Each structure stands twice: as C-alpha cells, then as structure tokens.
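Chains: A, B, C, D, E and F, in written order; residue numbering restarts at 1 for each.
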Amino acid sequence: MSKLAIYPGTFDPFTNGHLDIALRSVRLFDHLVIAITTNAKKTPLFTVPQRKALIEKSLPEGLDITVESFDGLLVDYAQERGSIILIRGLRAVSDFEYELQMALLNRRLNPAIETIFKMPSEEYSFLTSTAVKEIAQLGGCVDGLVPVAVKAALIEKFNNNL
Amino acid sequence: MSKLAIYPGTFDPFTNGHLDIALRSVRLFDHLVIAITTNAKKTPLFTVPQRKALIEKSLPEGLDITVESFDGLLVDYAQERGSIILIRGLRAVSDFEYELQMALLNRRLNPAIETIFKMPSEEYSFLTSTAVKEIAQLGGCVDGLVPVAVKAALIEKFNNNL
Amino acid sequence: MSKLAIYPGTFDPFTNGHLDIALRSVRLFDHLVIAITTNAKKTPLFTVPQRKALIEKSLPEGLDITVESFDGLLVDYAQERGSIILIRGLRAVSDFEYELQMALLNRRLNPAIETIFKMPSEEYSFLTSTAVKEIAQLGGCVDGLVPVAVKAALIEKFNNNL
Amino acid sequence: MSKLAIYPGTFDPFTNGHLDIALRSVRLFDHLVIAITTNAKKTPLFTVPQRKALIEKSLPEGLDITVESFDGLLVDYAQERGSIILIRGLRAVSDFEYELQMALLNRRLNPAIETIFKMPSEEYSFLTSTAVKEIAQLGGCVDGLVPVAVKAALIEKFNNNL
Amino acid sequence: MSKLAIYPGTFDPFTNGHLDIALRSVRLFDHLVIAITTNAKKTPLFTVPQRKALIEKSLPEGLDITVESFDGLLVDYAQERGSIILIRGLRAVSDFEYELQMALLNRRLNPAIETIFKMPSEEYSFLTSTAVKEIAQLGGCVDGLVPVAVKAALIEKFNNNL
Amino acid sequence: MSKLAIYPGTFDPFTNGHLDIALRSVRLFDHLVIAITTNAKKTPLFTVPQRKALIEKSLPEGLDITVESFDGLLVDYAQERGSIILIRGLRAVSDFEYELQMALLNRRLNPAIETIFKMPSEEYSFLTSTAVKEIAQLGGCVDGLVPVAVKAALIEKFNNNL
C-alpha cells in the first residue's frame, strides 16, 4: 500500500527547520504533501501563492513532495487527499503541549487520523518563522536560517540588504 | 461552617471540560459560584449575558451552583461574595505556570485567598474554548466537546450545520 | 455534610512547605488527616512512628488535624477513612506531571476520589525533604526550612551542630 | 519500498498504552517489530522471554507485528534489522525531554536513523509500567490498564487476587 | 579587563523583579547597562523616555548602572556598546524556552555574544509587567510589586487610588 | 575587582558540553574554578583524582581555569574560595527546575551567592555524562561527545574499541 503523508503548517516563511522535517519525512513515506493552511490567525507576511512558490523553489528536485494549500479543517483536507498521516515538528516543550492538544483534537474529529512527530536537527531547534521575520525586518542576516529563495524574498519584502 | 467556592473564568464558551470541573468541585464544597470575568482581553464570541445563559442551560438541575459575572479584581469579587476558595482547572504545563503565577499574585493581593487546582477528566485534557471556536467556525463537529446548548449557539453564531 | 480531606505523603521529614500546605488546607475542610505512606521506595531516614511524632510536634494546637499512617493503596485507605478528597502540593512542573499521573490513576482506581492541588507559599517553592536531608547531612543550617522539632531530630540523627 | 519500523522499550510489563501505540504504528508502516531491550538498569519484574510471551499473547492476530529482543546499542540493532524508523510514545513533558535527548543522540550515532513520536490515546496518558507494578503489588485492580495475559501474570507474580 | 554587561528588556514598566535582577547582576560585572528595546510588538503603556526616567528613579544611587534604549537587533547594539554579555531573568519554564531560543539565535547572529541567566528572588517569581498593569488598571494595590516611582506613574496613568 | 567564578559538578566524566560551558564562562570572569563535588549519590565511574586529571588534560593551555574538588556544602566551599559566583549549565526544562531549586536553596544558605546559568551550544544540548557512559559501555562511538583524553579513559575502563 502506498503511503501519503501530510505536513501541514503556515510556513510564513518556510525555514531550514521546515525543510529538514520535510526531507526527513519523505524518506519514511512514499509521498509527502506540504500543505499550507489558509486559516492564519495573524496577517501573514507572504500570500499563500507566494509561500507555495517559495517552498517549491526551496525543495531539491526529484523528491516525491508536492506543495498544496487548504482551508477548512485539517482532518477534512486529509480525508479528501486520502491520507491518514499528519506530520508535525516538535522543537520545545511549548510546541509539545500545543501539538499534543491538536493531535488529540484531530483524533477526536477523525479517529482514523494519526499524527506523528519529528524533531528537527538540533541546529534548527531555536528556529521559528516568527524569529526569521523579526531578524529580517531589523536588518539581521538570515543566512543558514532559510533557503536562498526565502532569503531573497525577505530582502525584497523589507527592502534592505540582509 | 458553610463553604462557598468560586470557579472563575472567561467561559467563551463553556465546554464539557469546564462542566467536568464544576461538577467535581461542587461535591467538595457546599456551594459553587461559576463567575464569568468581564475583563476579557480579546473580543469574546458570546456576550456575558449569553455566556451566563449557556452555562445555566448546561448545568444539571438540583446542584448548588449559581452563575454570576464580575468585573474588577477577582480577589475583590471573592471578598464581596464572602469566599476564600478559588477553583481553577489544570490541563497542561502551560496552564500550570500561568495558574501558579495568578495564584501567587492573588495570594499577594489578599493572603486569605486560597486557590485550589483540579484536573479535568483525561478525555477533556485537550479541550479549550479557543479550539472549540475554531472547529465550529471551520464547520467541524463539536459533539461531545460542549453541552448541547452551547453547540446550538455555535451553530447559530456561525450559521452552519456542525 | 462534614468534609474530611487527606494529605498523603512520605514526610521524611516534614518540612515547612508541608506545614504550609497543611495549614492552608485545614481552612478549606472540616478536618484534615496527614497520612504517612509506609510504602516508601527508598530507605527512609526516620521510621513511620518517628515521622508521625515529628509532625504532631510541629502542628499548632487546636487545629482539626490528625496524623496517621497507611499501607496499601491510597484510594483504599481514603475509602476506609470515609474521605473522597486528596490534597497534594504542587511546586514545579516536574511535580505537576507526576501528580497529574497519580491523580488520573487514582481516579481510575476509584472514580469517587477527587485530588485537589495546592501551591505552597513561594518561599517554600524550592524546598524538598530530600534537599533538607542533604543539607543537614553536610552540616548546613536548616533554620526556616523545617519545624524546630524536625531540626532537633536531624541534628541528633547526623550528630552534628546544624 | 517496504518499510520496517521498530518500537523499542523495556515493556516490563506491556500495558494497554504500549498496545495502543503498536496498533496505531503498524497502520503507518508495512511491518512493525516490538523490540525488548535487555539493557535494563533496574531489576525487571519479568524476564525477557516472559515479556516477549506476554506481548505476543496480547497482540491481535493477523497483524504484521513481530516481537524480538536486543542487547547493545539500539541504533546497531536497527541497522542489523534493516530499519531506519524508530517509534516512541510521548505522554508527558518529562517523556518529551528524555525522548528528545535519546533521539538526537541516536541520530548522532547513526544519522540515517529517524525517530518518530506518537501519542497514545488520552485514556492511557497516565499509564506507565511502573505504576502498573505498584498497583498490582498493593493489590489494586489493573483491569483496563493491561492486556488480560499481563493481568494474569501480575496476579501469579504477586500471588494475590487483583 | 573591565566587563560591561547589558540587561535588555521592554520594562513596561520596571518591576521589583527587574530591580532584583539588576542589583544582583551589577555585583558580578564592572558596569551594567539596562537597555530598553524600542521594538515593542504591543503598544506600550509608557513611552521609552518615560520608562527610562522611571528606571533611573528606581535605582539606588552610587551603582555602576546606566539606562539606555536601542532599536534594531540586540546583538548589533551589544557590539556597538562593546559588550558581549547579555543578562536575562528566568522565572518559569515558559520563560526558559523562549529565552533559550533567543540566546541560541543571538549566538547564531553573533557567536561572540554570551547570554547569562539569573533567577529573581522567589518572592518575585510570579511577577510580570503585564500582571502589574492589569492589577493597576483594575484598581488593585501594587505596593511591593514595583518601585514607588513606578507606582506613582501607574496611579497617574490610570487616574485612580491604587 | 578580580572576579572568581566556580563551575561545580560531578563531571563523571567531563563531556564536550561541560568543556563548552567552561570555555564560555572563563571569558566572562577573570578566573574559573571547575569544582568536582565528592558527594556523589551514585557510585561514580571515575575517582575524583581521575576526573580531575581528565578535566585538566581536556582544557586548552593558557586559560585561567583551575580544577579542584570539594566536599561539604557548595556554598561553604565557595565562601572559602572567596567566590560568590556559581555557574551551571542549562540544557532542558528538567535541568531548569532542578537548578532553580538548587539556586534558591543555595541563596537561602548564603544570600551573597549568585548562581548564573549558561546554555551550551545546541550541538551538545542532548549530551549528559550518563548517556556517554551508557554508549561507551555498549561499545558505541563517543567521538565528538567527549574530549580525547576522556574517550581513551572510557575505552580503558570498558576494555573495548569504541
């Protein structure tokens, strides 16, 4: 049986930590979908199409990864896509509690859904999209924190030399 | 001596986790007041009178529980009501730290006040009012997460079939 | 209805943090039993009768507190004593997780049992029986950490001037 | 490509929480090996062959799950078995930190190894092998906490009616 | 070699917990700069010049502490000031994770930077600027929580008798 | 005024994480003493003189670091050495809580003592002496986890090729 896993998130923007989780995950399943949620609570820095394009530019070629977006409930989207596997990264205890809550809630909404957690490489354990945006906005260097395409988009967005 | 305990919160909306804490608490004390704070930081989904009505509809009959609202400091409200017992639910570590801070601060503001913590049944350990609102807004099913009166109010609010 | 609450623990030895929890708890219920468990995993410093005597000497007179010991399951002991209320202190996140586990397990063993958690005064937030024993053994001063009767017993035990 | 996942642990004894993780995991991969480590720090209650037999009796028939034991490093065992996927359960923050440490250490010892984390059903969130042994030893009822074969073995071991 | 340490923060307003950290820190280094960040995410209650004046009024005389403000990246400001030492207070686990993330990120942005963490006296372990503002706004007493100059400013701001 | 800081620990054995903390700390103070406690609860793998020799071999030349050992209370040892500064590494939340407890307790025993916390480089965030011993005992490779002198001592101790 072919296995399709979904890696959902806001990805505003996609960081090297997200990339690390994606690359580690595609090795475990036959196909991975990176799924951008459009239900953002905060005003995003990049539009969904911009985020989709940045993720696609950041992925190495030849991997069984596609990038999509969804609105509505994640469990409904997973069912439409025929997947029961959700992947989430865990960096810290605060992540853990929120993610545990979401995993149990999603299981309640659809008992067939399984959430699995992966830890990024320790070099990305401190990395969040929010921190990346703050650094870029203040003119700090984001080399090594995000893929080059994302760095270029951040420079253009904030109109400064990172 | 008759003991009056206060269970304060935002209850926007009242969930089955809140109901569980209330039912467990009233067994321990002679009377329980569920006290809705009007000092919400965020714009609430339901008005205070709506929340009060929903809680009242959700409680089984014949229990020594009343529903009230208060503004100002919780410790001042407790003193007016002649109660020294505050009840708070604890689900997770993040709850724990915030609640510890509030309990110590309230004790500082009024040393007579005692906060006691109760844990909801594990089936509600993942349940928050915020999550319920998100699910309802996205059209997910909230059966088993909230009392039926709250479910009906959520459907009316979001004008969809949950 | 008269309420009896049980405050179980190893109390090897009883500290000012334990005393603080006991004094705060007896105000909330009609009667408090401090219940020393005899199922210690580690070899205790003081025997159960010694611990019982030290607690009794440390309590102010005139309070509705009795000191007992029990073996077997805590939930069985509570039932024998006619109590459904267990009291536990919470100092830190590590306490919290262990206590949550025990509370849920006890509720599973006897659904009528309610565990309530109280936080000691912040001046005792760092205080454990283990730390007290280490300090006393190394000749450190335990003034303010334990009742005077316990201090005297520690000096006698370690045969040094604290 | 066929995927083999390894679920390592001490399983002294196998609980319904372990069973839940195993059943959820085998759905995600083609084959699951439950691997009993023989490097226990503490003296186990059951021998490795006893634990192996109890797990085998507890598994439903017809699933692609085998039960094995290993000594030495887990990453070496995984390599011998041709697996890069380790599965671990996460119940609480304290689990999380220990598991994070082990996952990063195992990745350091063998970068090909991927650890994935799964959360048990919330009804088992409080369940540990240690707690089960304590309850059984004190004569408490372990119904619903462990498979029937494990219950029988605990009764025989402690020679009492649970 | 003379050592200059920087204690950065929002200080909106400066509390007795901040004062405690500052006084403990200046003993360890030759000079301390309390550095107010102007990059506040939320609308502050006091302007940067107001906060600077309140901190200066709250410090005892004769200490090697100066109060400054900065915008841009903290690591860039530290470099301009010729300091490699950042001081941050740690109260709780939630502080810890955020601060760990910031420390690792700052180290990434400038490997010469060292962040050191100090814990306030336990009597301030529950104290945050946010809590102080809420109490003052609701008319609660902030005696002992903030320096007298800050108390006076809060009264003036909220136009009530604290 | 010259500042002497003390970095206390068991160091059984000294790891690259300990080395990282030591090197980061000596930059902040004029002199650093790595102080091996002889009050180990568990039977150590290496004797105190062996641990002292291994630390000395692992330190780069020309740094103001000395290695000592002490018994009795850490606060008494610090006073004898004329130091008020204790340095401790923080890796995880579980570290944090234990260290917070020890820091507050030490401050209680001697109010002049200041404990400061430093975080190791994220590449050592998963590293403990206990883990190193387990890996070495099971024949795993400890390259990059410990200094070369410690690696050699571990090989000799466990008589195998790491």
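By our rule, contacts are C-beta pairs under 8 Å (C-beta built on N, C-alpha and C of every residue); 3 or more make two chains touch, one makes a residue touch a chain.
Since this is a predicted model, take the numbers as computed values, not measurements.
In terms of the stated touch criterion, the partners common to chain A and chain D are B, F, listed by label. The minimal number of chain-to-chain contact steps leading from chain C to chain F is 1.
When the CA atoms of chain C are superposed on chain E, the rotation angle comes to 180 degrees, reported as a multiple of 5. Averaged C-alpha coordinates give centres for chain B and chain C that are 30 Å from one another.
Separating the CA-averaged centres of chain B and chain D is a span of 38 Å.
Shared interface positions of chain C, defined as residues touching 2 or more other chains, are 93-94, 97, 100, 104, 122, 125-126. Every pair of chains meeting the contact definition is listed here: A-B, A-D, A-E, A-F, B-C, B-D, B-E, C-D, C-E, C-F, D-F, E-F. Those residues of chain F that touch chain A in the shared complex are 93, 122-123, 125-126.
Within the complex, the chain A residues that touch chain D are 1, 3, 24, 27-30, 84-85, 90, 93, 96-97, 100, 103-104, 107, 114-119, 121-122.
Within the complex formed with chain C, the residues of chain D that make contact are 92-94, 125-128, 131, 134-135, 138-141, 144-145.
If you check the complex, the residues on chain A that touch chain B are 39, 71-73, 75-76, 93-94, 97-98, 100-105, 108-109.
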